[in-house]
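Encoded as structure tokens, here's the structure I'll be asking about.
Per-chain numbering from 1; labels A, B, C, D and E assigned in written order.
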Amino acid sequence: VTRGGQMVYGRYADSLFLDPVLNDANLDIWILTNLYDTLLQPTDDGKSVRPGLASAYVLSPDKKTLTLTLRPGIKFADGSPILASDVKWSLDRARDPNNGAWNGLLDSIASVAASGNTITLNLKHPDPSLTAALATFNAAIMPQKLFNAAPGKTDADKAKAFAEKPIGSGPFVLSEWKRGSYMVLKRNPYYWKKGEDGKALPYLDTLRFEIIPDDSTRILKLQAGEIQGAEFIPLSRVAELKANSKLNMLLFPSTKVNDIIMNNRPKLKDGTPNPLSDVRVRQAINYATDKTALIQLVTFGNGKPMNSFMSSATPLFDKGQKGYPYDLNKAKALLSAAGYKNGIDVTSMATSGSADDQALLTALQQMWGAAGIRLKIEQLDTATKTARYRANDFQMRTGAWTDDIADPSEITGYYAVFGATEAAHTGFKNDTLEKLFDQSQQEVSAVKRIGLYRQIQTLYANAAPTVFLFETPYPVALAKNVKGFVQIPLGYNIFERTSLEK
Amino acid sequence: MPKPTLLIGLVLLLILLLAALAPHVLAPYSPTDFDYKAILNPPTARHPFGTDNFGRDILSRVIYGTRIDLQIAVFTTLFPFLFGTLLGALTAFRGRWADALVGRIADLVVVFPFLVLVIAIVAVLGPGLTNMYIAVSAVGWVSYWRLTRGEVMVQKKAEYAQAAQVLGYSPARTLLRHILPNAVTPSIVYLMTDMSLGILLGASLGYLGLGAQPPTPEWGVMVADGKNFMATAWWISTFPGLALTLAGVTFSLIGDGLADALRPRA
Amino acid sequence: MQTSYVLRRLLQIIPLFVAVMVLVFLMVHLIPGDPVSTLLGDRATPDIVARANKELGLDRPLIVQFGLFAENLVRGNLGDSINLKIPVLRLIAERLPITLFLTVYAAILGVLMAVPLAILAAVRRNTWIDALIRAVFQVGLSLPVFYVALQLLTLLGARLGWFPIGGYGDTFGDHLYHLFLPALTLGLNLAAVLVRTLRNSVIEVLTAEYVEFARAKGLRTRVVMLRHVLRNALISSVTLLGLNIGALIGGAVITETVFAIPGVGRLMVDAIFGRDYPVIQGLTLTFAVLVSLVFLATDLIHARLDPRTEHR
Amino acid sequence: MTGATTAPLLSVRDLNVRIPTPAGELHAVRGVNFDLKPGEVLGLVGESGSGKSVTLRALLRLHRPPIAMSGEVLYGGQNLLALPESRLRAVRGAQISMIFQEPMTALNPVLTVGEQIQENLREHRGLRGKVAQDRAAELLDLTGIPSPRARLSDYPHQFSGGMRQRAMIAIALASEPKLLLADEPTTALDVTIQDQILRLLLRLREELHMSIILVTHDLGVVAQTCDRVAVMYGGRLMETAGVEELFHHPRHAYSLGLLRSLPGAGAHRQPLQPIPGGPPNLRYLPDGCTFAPRCLYVSPACLGSEPPLMMLEGGRASACVHHAELPAVSATGLEPESLPTQGVNV
Amino acid sequence: MTELTPAAPLLSVRHLTKTFPVPQGVFARWRGQPQRAVQALTDVDLTVRRGETLGIVGESGCGKSTLARTLVRLYDADSGSVRYDGQDVLTLRGAALRQYNRRVQMIFQDPFSSLNPRMNVGQVLREALSVHRMRPAEQIPARIAELLSLVGLPPEAAGRLPHEFSGGQRQRIGIARALALEPECLIADELVSALDVSVQAQVVNLLLELQERLNLTVLFVAHDLRLVRHLSHRVAVMYLGRVVEVATTEDVFDAPKHPYTQALLAAAPTLDPAHRTAAPALSGELPSPLNVPSGCAFRTRCPAAFDRCAVERPPLLTLAGGHEVACHLYSGQSEAALPQAAVLQAPVPQPGHS
């Protein structure tokens, strides 16, 4: 490998808030691990974990205590040592229910104890997803002293100040941030991981994020050699860039699923009866959806049909799921059986200005029309769409999901379990499924858990609260000389092993 | 006296109107139907303007788009024109405090960021052409108000207008029959420019997702849709772009021609 | 052009400012969608949303919120951005100069293009040169900004490599270099509008008796054109230029997006889509003041150019 | 008056100006011939649209393409219409200056009066800075503007109508021209101011030994100011004559009609004697004499070809077939008895 | 000269005053600066008798047009009164005002701008006839033809637009439009000033003829002294918003009393080349109407001005023979101060001259 140099990476939008606990958006999450390190880390396939700041961890036989050993000699980017107290403080902050949106991931922890280089987590109950949670961005270890030294009275104020110039222990450290324009990350000289050459990672001296909102401009800039990487390449241009010999067009497997979320309640918000409350109708819609054609049209062949509500890159995905093959006759039959011989009228919310939503829904309009499902598209701006969705005031909407944690519980808790968000606001509730899920949350045996998840996925598929569509990869284009970059299925951009070859 | 500019403009307009009124006669295909087998085809005899990423025939979409874009041109300007012109005439002719009040409101409209207004309206009513019309109308009247007001201020001092008063005609007659017809020309000429601006605005808002919604074949949105294919399928945005230019030229020619034709002979 | 006139105009901005403030506050708070849900996304549970709303004070009655907003405003505090968590004033202070730079640059390029071409078209009116100039600008005026921008980027940026693709640069020289294409894009648009009026006013001025008189004095053509024709022809274009610059400040959104320029236009769009109330409010107020100032400046320049102007 | 032997300062030979318009070519000046003696004031009169201004502008070749000028304007031995632009500028504004009817529109509104005078001084006298300023003040003083130095920095709109006209004269005189072309310099002014300006021009003519061509349609102004008169109608000269001869014995039916139509020629509140009809349309000129359709003396002789300007006795010329038959004006009572011969003049 | 029986005045104007405030900023007002105003008419007194022609002359800006426009209520007077046939004109509103306007018609100066460029002659006349219900609908075409022939235009003129006519013809259209309403009084503001002399005479003749036939009272506003002299029974001379002299035409032109009238007459060029004068009749410029001199407005240019002229405004005195003049030279007290060698070309006015 070649060491040194600066890599410029074109992002479509800037990060908002670089606090691991209080941030809200993928814009932050997907780059945070470059700045902050976690005790454990997700593997590159996103399905399991490997040691991070903790070199080892042991689960007690009763599965209610997790003991982690801190790696010796680890330091924050300012050179100060990472102490067990920093770890305890960080984890306590991350699991504080008053802090941010992610504390639920660490919900099972009853208390954290730190002594020497040992961290002991006492659990309320066995938690099969705990190790994955510890490899998630919000469980990042932050320097307690520096954080407390930041100006501001409350934790929230301090967080704001600290996040402007964060010091973590990730491979890079923020050196300059011109909001909306660029962000410069410098190599963290104290990073613990070693590269192929036996010296400390990362290889790059500087990593620079340029914010280039327009897709075409981002690509032009990459083609002109002004930047070495660009994210979110429109799928329509993948083929073109693949053919470009100066570029490496990569499609990283992702946990991203694209679906149509349906309102399963008998009545819509405005009181009109909702045919989608009939499972046969929901199944019919699924059968009427030609995923292969959609993948061709919307993703230009760069997608995979969904057979479960979760992506095939999510741990415990059941390969045996059949999903809904395209079957127009079955669709029609089911509709008739449900008493809708003349078809039904449905309305879907779409995000205005989203080319993908446009393409998708116009295609569905045609497909479903053949089965007598007359789709009306209602374009809304994101804020309005979200507000309507959260108020359960919709019939259908385009939906997409990416996992944040290498565990199926997150997506399942959101999609399949009623919970606080009413099963992705579909209103779907299946008591058996709920029981299975509760069980799976405490089932530490991997094999048993696989079985539970198989049942969950089958139950969900049969009830069809959503329309399964397709999975899409993360399209990233890189200059030919860029090596060692990965975007893991959780979306994290991993630059620690990235190098610019001659 | 023959007016070549106006004549050419009117001929072009006629062509546009024809396409707008009878797209189904002219267009070889449906503007919205997909053809999976003909995705991103370059111009051929079958598809003279090529096809887009859904296999839709660009020629047909451009032809069907005429109606949409002419509609945008008319609806973004008609209300502002009527309202602004009438209000301008009234405030200039009679209004003391009304004139001042409308002036303040106009100031407010001008300094208020248009985009905030559009998005606010779109957020309440949803995106789409109708709501774009509302947003544009809420702002667009100011230009016409200004133009007409200024012109009426001038015209009401003209001797023919004073003559109408001295002839004992009622104020309404003086304003509507005498002053307004002579004060409306700048507004009509501006109307033509404004129509192309309206179409352009529609395209810009389309770029931000606030304009015409798919699968509506609107030229501006079509150009935007073709943005990602400029390197591989130039035809997707080029032909609607040409259509936009043609419409712009048409309105501009008619505008220039009208300015000439409507100027009263001294 | 007395100071009292300027002062009075400045004072007139205040009621306008208040009206804008009330209007924008009501508008952003009454439209559907709210910053917290938008920011937290689809997944957040109701209690997380409620907690965030409480922290931001968004759960209080609108009138109380308005009171707080007004009070802060009087103290010169526009609040913190909900999405970016930094003070709005700082945000605007960072972004506004960029947009202003771009706007002024565009205006200069626009004028530099428009003036000579308009004169040329006017002097050679009804010849092919005139037709060509008018046609080129007509095409520029008929095509969407993003299309023109992308074509310029592809041609002058990517294909010929003369200019960098997007970005803003660090030094003044850098800015000039980086912002050339976006300024050209906006400038072309501006020039298209200017050429039309300027051409007409040059034609008009050319037939004015004082131009005839200047020629009868035996002055050189260049002197006649610059001293007598241009200055008078510009008078009518200045107001138009002012109006357009006002629109440019708020309308640079698309250009800023395409060229990846971190200006207020892009910020505004993001803020509106994200319902970032403090940012929308702050930007709207800034915009209102700026546009008012541009209009004032326009009037002052107009008065400079035209000594006959009487300020009332 | 100078004797007939003096060489003319300016000779105009067969001057034609053609103006292309969308509705067809307009032959605005048709074969105009005249001489101007040094120090002479020539009045050019005629109805509106008869081509006076177009003629005057053609003398300095001020018309721009597509307006076409032909013929000769001989000045100092050279034909101004054929001179290269650079040489022309040495005459234009330097030897021959021009002033206009409407000083408000003829002065550049955005330049101070001082700047506009100094511009001329710099171009033709090579004066700059302080010297130019002093000279400019002198010129304003010469035209009778009080506190001239202070007024140099005023803009035209800060002047009254009469002062503007004076300022324009000052600008025109800055180069100390030999010939002043004045296009209706007093029409926009009040009688009392017109009176002042005309007398100023006559005084300056004496002091600076200038010739003047004075375009006007006011016969009173002609009577009071000019040495000789040229009467224009439909783009042609109809008659040239010494001023007294013209007023007492016009030798063209048009001149006669003009004088007769003036109020004061008949009794109080009695009908006047208008020339019937209206001015000719220069695009559709009748065959023969242009004035024939309105003429009381018209005969078949007038209708064939257009009568040329014929030289008559006493250095005058007429283009009227019936010039010999026309009565003297005194018979019609140009000055009614009721007018006092001395004193108040109306 | 037609003999006039001194009839009761048809129109009488008393102390008519009209100012045009100059717009001023709030700051100036706030700082207590006095409101500046153009003094367009100051204390104007005039009477017009039925059937007579009253000429009004004066230099540009002296208020001639303002007077005319105030009389037809295009402007609202500041103070004073106007009585027409016993009616208080200044308080008329609505229908009554329109009725008054029908009886007192104004004809405008500019033949180019006084006709709506988009209406043809027939429409112009039809509108006038139908709005005021001058004729039942079926008689309107005949009346239009009649009016056209009255002003000497061919009947086919009805179908043409104003721009197709020459200036003189347009003035005829304007007159026809006024006559359509069968007015009693015509106010002609610079009716023929824009026309060439040869055409001027045609319109003047028309006016004379119509006045004879229809017994019109005419207020003839003009600055062409020759024309006013030819047309008017009586003449009023104005200077800076004031009437300085009113008398019969003969008196004004043959024996002018006010120094301004004298200067005005002297400045007008005569048609006789044999009589030329070298010195200007009057020096100095017209003062700004925003800043009218105190006392007598003419004193700044008056060769005969003396102390009193600066302090006291001379009232309009009626001298013997009904000759009215506003000059201190003619008030009894000023006799002694009368300069014996006035630098005027005119005969030195004799106080009490008849």
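Note that in this section contacts are C-beta pairs under 8 Å (C-beta built on N, C-alpha and C of every residue); 3 or more make two chains touch, one makes a residue touch a chain.
Bear in mind that the values here come from a model prediction, so they are computed numbers and not experimental data.
Participant: Considering only chains that satisfy the touch condition with chain A, which of them also satisfy it with chain D?
Facilitator: Output, common partners of chain A and chain D: C.
Participant: What is the chain whose Cα centre is as far as it gets from that of chain D?
Facilitator: Most distant chain from chain D: A.
Participant: Quick one: chain A and chain B, Cα centre-to-centre, how many Å?
Facilitator: Distance between chain centres, rounded to whole Å: 44 Å.
Participant: Using Cα averages as centroids, what's the distance between chain B and chain C in whole Å?
Facilitator: Roughly 22 Å, centre to centre.
Participant: Between chain A and chain E, what is the gap in Å from one C-alpha centre to the other?
Facilitator: Centre separation, chain A to chain E: 90 Å.
Participant: Averaging over Cα atoms per chain, report the distance between chain B and chain D in Å.
Facilitator: Distance between chain centres: 52 Å.
Participant: Show the residues in chain D shared as contacts by 2 or more other chains, in ascending order.
Facilitator: There are none in chain D.
Participant: Give me the residue numbers in chain C that touch at least two other chains, ranges are fine.
Facilitator: Residues 31-33, 146, 150, 154, 273 of chain C touch two or more partner chains.
Participant: Quick check on chain B: which residues sit in contact with 2+ other chains?
Facilitator: As it turns out, chain B has residues touching two or more other chains at 119, 123, 207-208, 227, 230-231.
Participant: Please name which positions on chain D make contact with chain C in the complex.
Facilitator: 57, 60, 62, 88-94, 97-100, 102, 105-111, 119-120, 123-124, 155, 157, 168, 171-172, 175, 181
Participant: Quick one: which bits of chain B touch chain A in the complex? Just the residue numbers, please.
Facilitator: Interface residues on the chain B side: 32-34, 36, 39, 53-54, 119, 122-123, 126-128, 207-210, 213-215, 225, 227-232.
Participant: In the complex formed with chain A, which residues of chain C make contact?
Facilitator: Going through chain C, the ones touching chain A are 31-35, 37-49, 51, 55, 80, 83-86, 91, 94-95, 146, 150, 153-154, 157-158, 161, 164-168, 257-260, 262, 266-267, 270, 273-275.
Participant: Using the touch rule from the top, collect the residues of chain C that touch chain B in their complex.
Facilitator: Within the complex, chain C contacts chain B at residues 15-16, 19-20, 23-24, 27-28, 30-33, 135, 138-139, 141-147, 150, 154, 243, 246-247, 250-251, 253-254, 268-269, 272-273, 280, 283-284, 287-288, 291-292, 295.
Participant: Please output the residues of chain E touching chain B within their complex, sorted ascending.
Facilitator: 69, 72, 74, 97-102, 105-106, 108-110, 112-118, 127-128, 131-132, 161, 163-164, 174, 177-178, 181
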